[in-house]
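Shared chain: chain A. Partners: chain B in the first complex, chain C in the second.
And now, the complex of A and B:
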């Protein structure tokens, strides 16, 4: 159509995005200020997400934007606040040694590119074999427009089950090492003495002041805007969740978006308020619950006489309907575990310091 | 009816039971309740693995279609002589480690963390079984991540005893993540070259299309990625700290399973996915794998001899022993591969027992260094005896399982004309006599520490850890007199792998 362009416009966009990624990547390596590095990580993820969109991988782009640019930036900032702001300078041996390894790895990858099929080549193995089978079979087997969801949730649903367990394990790691109930880990390694006893240890005056500084009480504009935004964010999370069969999205992204809404609440109204609304115990329970919902779906299909995660068993008279039911059930599991684990990680980091004062940023 | 469902779904349940069991265990508030529940889950997992074992022993390989999707659309579990050995080993060691672990965990980890700790442990067991059981290259990565991340957490839980556990875990995390990333890059490149993720299917397509630069790069990435996980010399730097600072129950479990499962993956990729006849693969065997294996056998045995911390000694010895297994598989012959597999099995038995014995000594007397073990033969006679027998097995003394695997390894090396490998095995064994002998000497020939009134302190060990220890010690002797189980499986596996590739 665009005869005036000698090269495809998308190639130019890709090249610009790749060079921006390169610049951001090199800057991250060269910088020492952790705050700037964390911010650049966010930029990097956002650029990568844009690039994925241009490569037609919208589901991946969505995840990258929600996880990479969104929640992990917040979590990294949370982690950074617990440590110093500047990275220790590395020794020259380490620096050149790393460069050597990265260089060799890069050469190996470039070496591989010489025999790679062209991007988008319809005859390449990746596009002509199993990939093509999925495109054809999804319509008859599962009948949803988003083939990515069909693959993730049904054809390779066991992989996704494993991924949800990976998320749970990460959450378990934070809960075990940092603890999500900061008051317990703060007062040394006290056994379950009950919340009230520990609260009594703190003088009431201190408690009053922390409460005041804890929340960004003086930012009335932020509070008002947040109050309006948070329900919309949660509504959007639910939309992303239930619309995953039709467009990009699904339990993973929805879980992350849901957790971001709660984190936003916590940033503005304080950790104590958030803990009251969503207690750490509930977060811990939710992390496991999602995995149990997912795995439980598989166990149900076994009990109904099928294989693990064989959704067709759920309604043998109408297997398409059964597939939809199965996908819906496991997506709920994904949502619950992802949202809970994201919150548990946030609680783990953010619960370690009491106040988020303006000057902390 | 319900029992039949259980049997026909054993392949899936052997992974699903510990996974869901772990998720439930983390919610159980009480430490004892979580431990009992985990023990039940581990027992169920072990029983399920026996179902698979008996199926394979009766001569039938089992395959299980996840979600009833046919391969290559869905994920296929494939169980043959090779991986059933690993599955049984991991589930048995998971059970024994739990049986062993309760008293040590009471001492090493805060009580309110026990439930989550046992939950993570079960997930780790499930991850390792998942890696072993699946026939899908990407599914391997997913379960590799499940097992690795849980392992990092479990290692870090040694931090109450020694804060260095945190840095040990962090180093392991960084290197392990690089390994996993390399592995997944390799799998991605393989998918680009073949368009499929099922391992048998990849190998079929590769046989048709032949190898190109993409495949060779994939090969390099996968070998290095798995090499990091195996602790293949010189990629082993994470291992000594991770093993010696982790809670003792975790040291026992990891030393006998984690690197073994990664080694299994390497065998699977070298022989099932890439057919062993390829020129680049033979070159890799002769010029990379075998020299590295021999170097590990000697250098790390020397390093082990210089350690004063008992668990570090055992950890360095592990890297050396991994060299034996790599040497076996780098021969590329049926005899060599089988010998490597038998050693894999036997080494799990001996190292598991050694770490258990050292842990019990640590529980009773706070033993960390070799010098603190003096007189252990008098103060803790049963533990010392168990440690000695397992140590003899590590040296490769006749009447222990260790002799069997070294014997077959030497035979296989001679068959191949690799006299230098035989020399390396002998040198490394002499070094093993030295470092194990040092422990035995300290335990039996030195006087125990005396109390004020000049009496010898005798320490009563808790019963459960001793039971677990002696199960392994007896296994070390048992598999000398009747090595038919591991040998039968190893020979069948080697024949299937090399026979299939040679044709």
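And now, the complex of A and C:
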């Protein structure tokens, strides 16, 4: 793919995207309305994802679009609803002081960029050794087209295992801080209305009012469209998951897309129905199950005589097939953990809305 | 990147601070990914070359021997001949996949840590009734004065 343009058109696209990122960033600095800030953050993520496509990082772009522009924005909106809508403007001393610090750091960084290899240089140190080795070895070792998946799941399976554990830990942290099912949480200071004592079989009157608060159940159009969309989104998540060997995608992206389908369901039909469809217990179980599948694959390879996560042991007569099996298994683990953790985090935030009173904001 | 850092330092609002951290983080990702770009290259998804199909077929039908043979055929990977660095595969250049992997997982971990931060902010709001730093400081100070 040699460029035949006299001026590289991709450079122009890159410059446009970078300047848009800069404009969005500066607007976030200058604004004080948290709602606008959070939405602009979503825009920033989406622009970054676009730029990642232009930089050939399609997998990263996919993840950034699903996570940064999707889940992050939902979580930040949730937290914003639970806290406040306006930020206090900063004092002038603080503004100029921080501008000074940031300016000095920025100049230092720009000075550092003079030492960096030229943009797009194929022979730069970053592009020469390990990455190149993975590119070449993937064809014969694993024989799947998407090298990113091959490195993620096989060559660097240890790292990815660590990442999955980090995601699980973060999910546990949110569960501990907020409580996954806050109707049963014991922080009595906020919920003294007696609602905390009730279990799933609460009186219909209470259920009716909570439903009206957190569900858009008077919007018929939204309900019908959501009912049509949700199976397609879940199907798409599975496609992204199982096609991750061949195209951009994999367990991380699929897990986030899966979780977003459930979040859409809960936005339209209300938290109570979502809790009935996917009980918080199941989500808790799933978060751990995914890590168990991942780690279990590693233990199986040890039991079969290899090293931890050495997939070649799974089928010694055909190591390529064994690699495919191993990658698929750990990707299932990643999918289950990521989807469950994202949902548990969402449950943690959404479970708090019922405790909001009007005078709180 | 600097706008994110600026937001983190300058604002007293905790949610806005977290947005700043997010900006900072996304910008660092951009730095990493831009390093992995190879001019005129393709995304690191190997076009189905003849070799790829052969490798699958031969490995499936025969035995692991074929794979070792193929491995032997790969040129020295650490050879740094500028002309051939990205060539010996099939004449197509691919961008470096390694930073992509690192950043892909970092994004997911980033949102998980962001969620923990937001959860803490929500609890701070419940405990103090505000998410502005100076107001929280005031409340802390008053509580300490009252206690002593």
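Basically, the second predicted complex is superposed on the first by the 316 of 361 C-alpha atoms of A that agree within 3 Å, B and C clash if a C-alpha of one lies under 4 Å from a C-alpha of the other, contacts with A are read in each partner's own complex, and residues count from 1 in each chain.
In the analysis below, a contact is a pair of C-beta atoms (placed from the backbone, for glycine too) under 8 Å apart; a residue touches a chain by one contact, two chains touch by 3 or more.
Here the structure is a predicted model, which means the values were calculated and not measured.
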{"item": "Touched partner set for A:310, first chain B, second chain C, both or neither", "value": "first"}
{"item": "Partner chain in contact with A:166 - chain B first, chain C second, else both or neither", "value": "both"}
{"item": "Contacts of A:130 with chain B and chain C, given as first, second, both or neither", "value": "both"}
{"item": "First, second, both or neither for A:291, with chain B first and chain C second", "value": "first"}
{"item": "Partner touching more residues of chain A, whether chain B or chain C", "value": "C"}
{"item": "First (chain B), second (chain C), both or neither touched by A:156", "value": "both"}
{"item": "First (chain B), second (chain C), both or neither touched by A:60", "value": "second"}
{"item": "Which superposed partner A:68 touches (first chain B, second chain C, both, neither)", "value": "second"}
{"item": "First (chain B), second (chain C), both or neither touched by A:280", "value": "neither"}
{"item": "Touched partner set for A:109, first chain B, second chain C, both or neither", "value": "both"}
{"item": "Where chain A meets both chain C and chain B, residue numbers", "value": "109, 116-117, 124, 126-131, 133-134, 137, 156, 159, 163, 166, 170, 173, 177, 189"}
{"item": "Residues of chain A defined as touching chain C within the complex", "value": "1-3, 8, 21-22, 25-26, 28-29, 34, 37-38, 41, 44-45, 48, 51-52, 55-60, 63-64, 67-68, 71-72, 75-76, 78-80, 82-84, 87-88, 90, 94-95, 98-99, 101-102, 105-106, 109, 116-117, 119-124, 126-141, 143, 145-148, 151-152, 156, 159-160, 163, 166-167, 170-171, 173-174, 177-178, 187, 189-190, 246-248, 250, 252, 256, 316-321, 338, 341-342, 345, 348-349, 352"}
{"item": "Interfacial residue positions of chain B with respect to chain A in the complex", "value": "5, 9, 12-13, 16, 19-20, 23-24, 26-27, 64-69, 72-75, 110-113, 116-117, 119-120, 123, 126-127, 130, 136, 138-139, 142-143, 145-146, 149-150, 152-153, 156-157, 159-160, 166, 185, 189, 191-197, 205, 212-214, 216-218, 220-221"}
{"item": "Chain A - residues contacting chain B, complex", "value": "108-109, 111-112, 114-117, 124-131, 133-134, 137, 154-159, 161-163, 165-166, 168-170, 172-173, 175-177, 184, 189, 191-192, 284-285, 287-288, 291-292, 295-296, 298-299, 302-303, 305-312"}
{"item": "Chain A-facing residues of chain C, complex", "value": "1-7, 9-16, 18-20, 22-23, 26, 29-30, 33-49, 51-52, 55-56, 59-60, 63-64, 67, 70-71, 74-75, 77-78, 80, 82, 85-86, 88-89, 92-105, 107-116, 118-123, 125-126, 130-132"}
